[in-house]
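Chain lettering (A, B and C) follows the sequence in which the chains are written, and residue indices restart at 1 in each chain.
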Amino acid sequence: MLRSIGRRLGVAAVSIVGVAVLIFFITQLLPGDPARIAAGQYASNEQVEQVRARYGLDQPIMVQFGGYLADLFRFDLGTSIRTDQPVREELLTRLPATLELGLSSLLIAVVLGVGLGVASAVCRHRAGDKIIQIFVVLASATAVFWVALVAISVFVNRWGLFPSPIGRLPRGYPPPAHVTGFHVVDALLAGDLATAGAALRTLLLPALLLGALASASIVKIVRSSTISALESDYARTSRSFGYPGASILVRDALRNALLPVITNVGLVAGFVLAGGNVLIEQLFAWPGIGGYAYRSLQENDLFALRGYVIFIGVAYVLINTLLEFVYRWADPRVAIAEAT
Amino acid sequence: MTVTLRGNLAGRVRLGDRMAYAAFATLGLIIALGTVVPLLFGDGDVARDNDALLSPSWSHPFGTDRYGRDVLLRSMAAVRIDLSLGVVVALSVLLIGSVVGALSATFGGVVDAVIMRITDILLAVPGVVLALIITASLGKNAWFAAIAVIVAFIPILVRLARAKALEVRSADYIAAARLSGASTAGVAFRHVLPNAIKYPFVQSTLVASLAILDFAALSFLGVGVQPPTPEWGAMIAEGVGDTLLGYWWPAFFPGLMILLSAGSFQVIGDWLDRRMR
Amino acid sequence: MTLLSVEGLCIDARGGQGIVRDVGIEVDPGEIVGIVGESGSGKTMTALSLLGLLPEGVSVVRGEASLAGTPFLRGGRTLRRPNATMIFQNPTAALNPTMRIGAQLRRLLRFLGRKGEAEALLESVGIHEPRAVMARYPHQLSGGMNQRVLIAMAIAAEPSLLIADEPTTGLDVTVQAQILRLIRSTVAAREIGVLFVSHDMGVIAQMCRRVAVMYRGEVREFADVDDVFHAPRDSYTKELLASAREGDDGSRP
């Protein structure tokens, strides 16, 4: 057991180093000239050379690589060209905003995905199932930035159901005292119900959008795993004893059907914290790391972008490693297969 | 790939044959209109300031954008670039992924180990982020965006093809071919690859769907197709400000085109999957 | 008096394709009655239909069945749950992989409104270390051990009829003999009638007094095992016997 955990952590460490190396060579060796990209499209040659010297880009590649690795080893993600601030600090100050949005979306995705997936399996081949399947196709074929735009213009601008997309709080609400960094939680801790409510209403629309789109993949997996669990031999044994349907659904079907969801949560987390997040934060002016990546991209801040990518890569590896441990704990078959 | 869950090729949707026929019809119509409309009426790239932001009407069914360009004509002109890129990405991913996966499975040993470690590392970064950093490093350009999307998807297809190839490799007729003196590479290309490619082929229709979404997302972020070239993601990006002011059509219709084409590929992939089993 | 009586049972797949046609079977109290036939003969579907366990798309369309004089199936509709339980082929898959044996036993006993007998139950089916077995998951135990657990669960419900669907197929030959002995001694002690489904003529001959020979959804012959073996009347039965003797795999004692 301990040895397999150690081995898994070793694999994670190797992946992280691999990601760091990969990102360096993508940004350095690809035909694009980082100094020129950083200096901007219309920079003069002189300006480009200045940028090159300033960031050590005129050094031999292996020297740069060594410096880069040494920095990473000290958790230094480099310096932003745009703001001249350390990228790590900039990301860390923005992280709570992204986590608040991302974790809410993840929660919505899992609850919605499992609920719809089970419902779809229980009423398989009937009307309810068809409707859920159509939702799945629509959700997985919709561009998140487009549906966000449509939602803002209908729900916010036309119907006024949610506050304007101008950040984490509507105009006129000062942010609550920083405790967890989550505005809803911090406002509640401060006993400020009005601010908590406003923060929640602001959070709801982007979280619902990200969560609903991300739920599609969970619905697919839960549906097929629930169906195969319901048609399994052990569910048949339970039916042969006359157990009530609810007991069979919960203890036989769900326990087994939810195992593959654990692995899928990693992909969904990648979407709500990174992929979909960059697009949503931009449209909702959400002050998180996705918005930061977007700004860096627009302003050719290659170092900030590189820091962001490494940050996300490390987080993603750690999340997936953690999920593997969760899976191992949840499925007795894995732990035993490894112990023997 | 930015908006999709890379690796999300596992679960299946189950829709009837009628939905599949509807998807074929939709895709056929989009391709037909995307070919014919630009030939007859042009790309809609003529800016007329007097006609800016006209709402949808008979003369402009999808309305006009802030430069007075016809949104319908631009949406149709974008079919060429968006659909063909989706298909090109899917085919490249299928081809490269299957060949590498089949080689990995056939040679085994060090080759296999190296290839698997590389896919591990590529999969250790969310696809978005990988595509973003690749395009940001290469430069903002449609071709680079397409390459980024291809690189993001290849590791999944390599894994799929490798798993299938391992299944095929243990089949009896491969042993027979080996006994009759065929070389390893010969076995890989003549026997393993053709059999290992069937399942990834079905998957590649799903890749096409995801590639359309990702490519549009990269363009939306400004690192794919550059304006004024008509492309759905870039058109939505241009229409953001107008949408928030109440002019919904310049961004709405391109997004609808993305939904219809990506959705059709998904439904067709599901249908093929059932057929080929 | 007859314990189980089945008459005119018809089972169709979706689309009206007949799977079982006009099947009639009887089991007396404490008697072991076999159903023998090749795969696809409808023997397993017949067994499953009695407990309402038919797979999706397959259903009883006609037929009557009663247990101890109480009808539970009439006109193709299930009226009530018969007091019967079932053991299956592939015992390891028939137990929930994410629950320990003990938890599965307790779940059943709680459902039956009893408690605290799990260990005694396992001991009664010849498991000597019930505590150790209860702490295990099904995939940590052998197929034979899992089948013992399932037999223990099946008799815990105190049924008057046990349906056994190929209970020893896939087990080692020695284990097979043990399980067969266990089934025989268990039902003999409790006067439980058994409907024993198998494709194996040898096993049937060893276990049963009467046997129904099924072929293509029909009962071709329903008679004493001795008569069927020594004086088969039906042409298909003759063929089946001939092939069984040819390919005798030594499973007969």
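To be clear about the criterion, contacts are C-beta pairs under 8 Å (C-beta built on N, C-alpha and C of every residue); 3 or more make two chains touch, one makes a residue touch a chain.
What you see is a predicted model; the values in this text were computed from it and never measured.
**Student:** In terms of CA centroid distance, which chain is the most far removed from chain B?
**Tutor:** Of all the other chains, the one whose centre lies farthest from chain B is C.
**Student:** Count the touching C-beta pairs: is A-C or A-B ahead?
**Tutor:** Answer to which pair has more contacts is A-B.
**Student:** Starting from the mean Cα coordinates of chain A and chain C, work out the distance between those two points in Å.
**Tutor:** Here chain A and chain C have centroids separated by 51 Å.
**Student:** If you average the CA atoms of chain A and of chain B, how far apart do the two points sit, in angstrom?
**Tutor:** The separation of the two C-alpha centroids amounts to 22 Å.
**Student:** In the complex of these two chains, what residues of chain A are touching chain B?
**Tutor:** 11, 14-16, 18-19, 22-23, 26-27, 30-32, 34, 37, 129-130, 133-134, 136-138, 140-147, 149-150, 152-153, 157, 214, 217, 219-221, 223-224, 260, 264, 267-268, 270-271, 274-276, 278-279, 282-283, 293-294, 297-298, 300, 302, 305-306, 308-309, 312-313, 316-317, 320
**Student:** In the complex of these two chains, what residues of chain C are touching chain A?
**Tutor:** Interface residues on chain C, with respect to chain A: 51-53, 55-56, 81, 85-86, 88, 90, 93-99, 107-108, 111, 137, 139-140, 150, 153, 157.
**Student:** Which of the residues in chain B come into contact with chain A in the complex?
**Tutor:** Touch list, chain B to chain A: 1-8, 10-15, 117, 120-122, 124-130, 132-134, 136-139, 209, 213, 216-217, 220-223, 233, 236, 239-240, 243-244, 246, 248, 251-252, 254-255, 258-259, 262-263, 265-267.
**Student:** Enumerate the contact residues on chain A facing chain C in the complex.
**Tutor:** 231-234, 236-243, 247, 251-252, 255-256, 259, 331-333, 336
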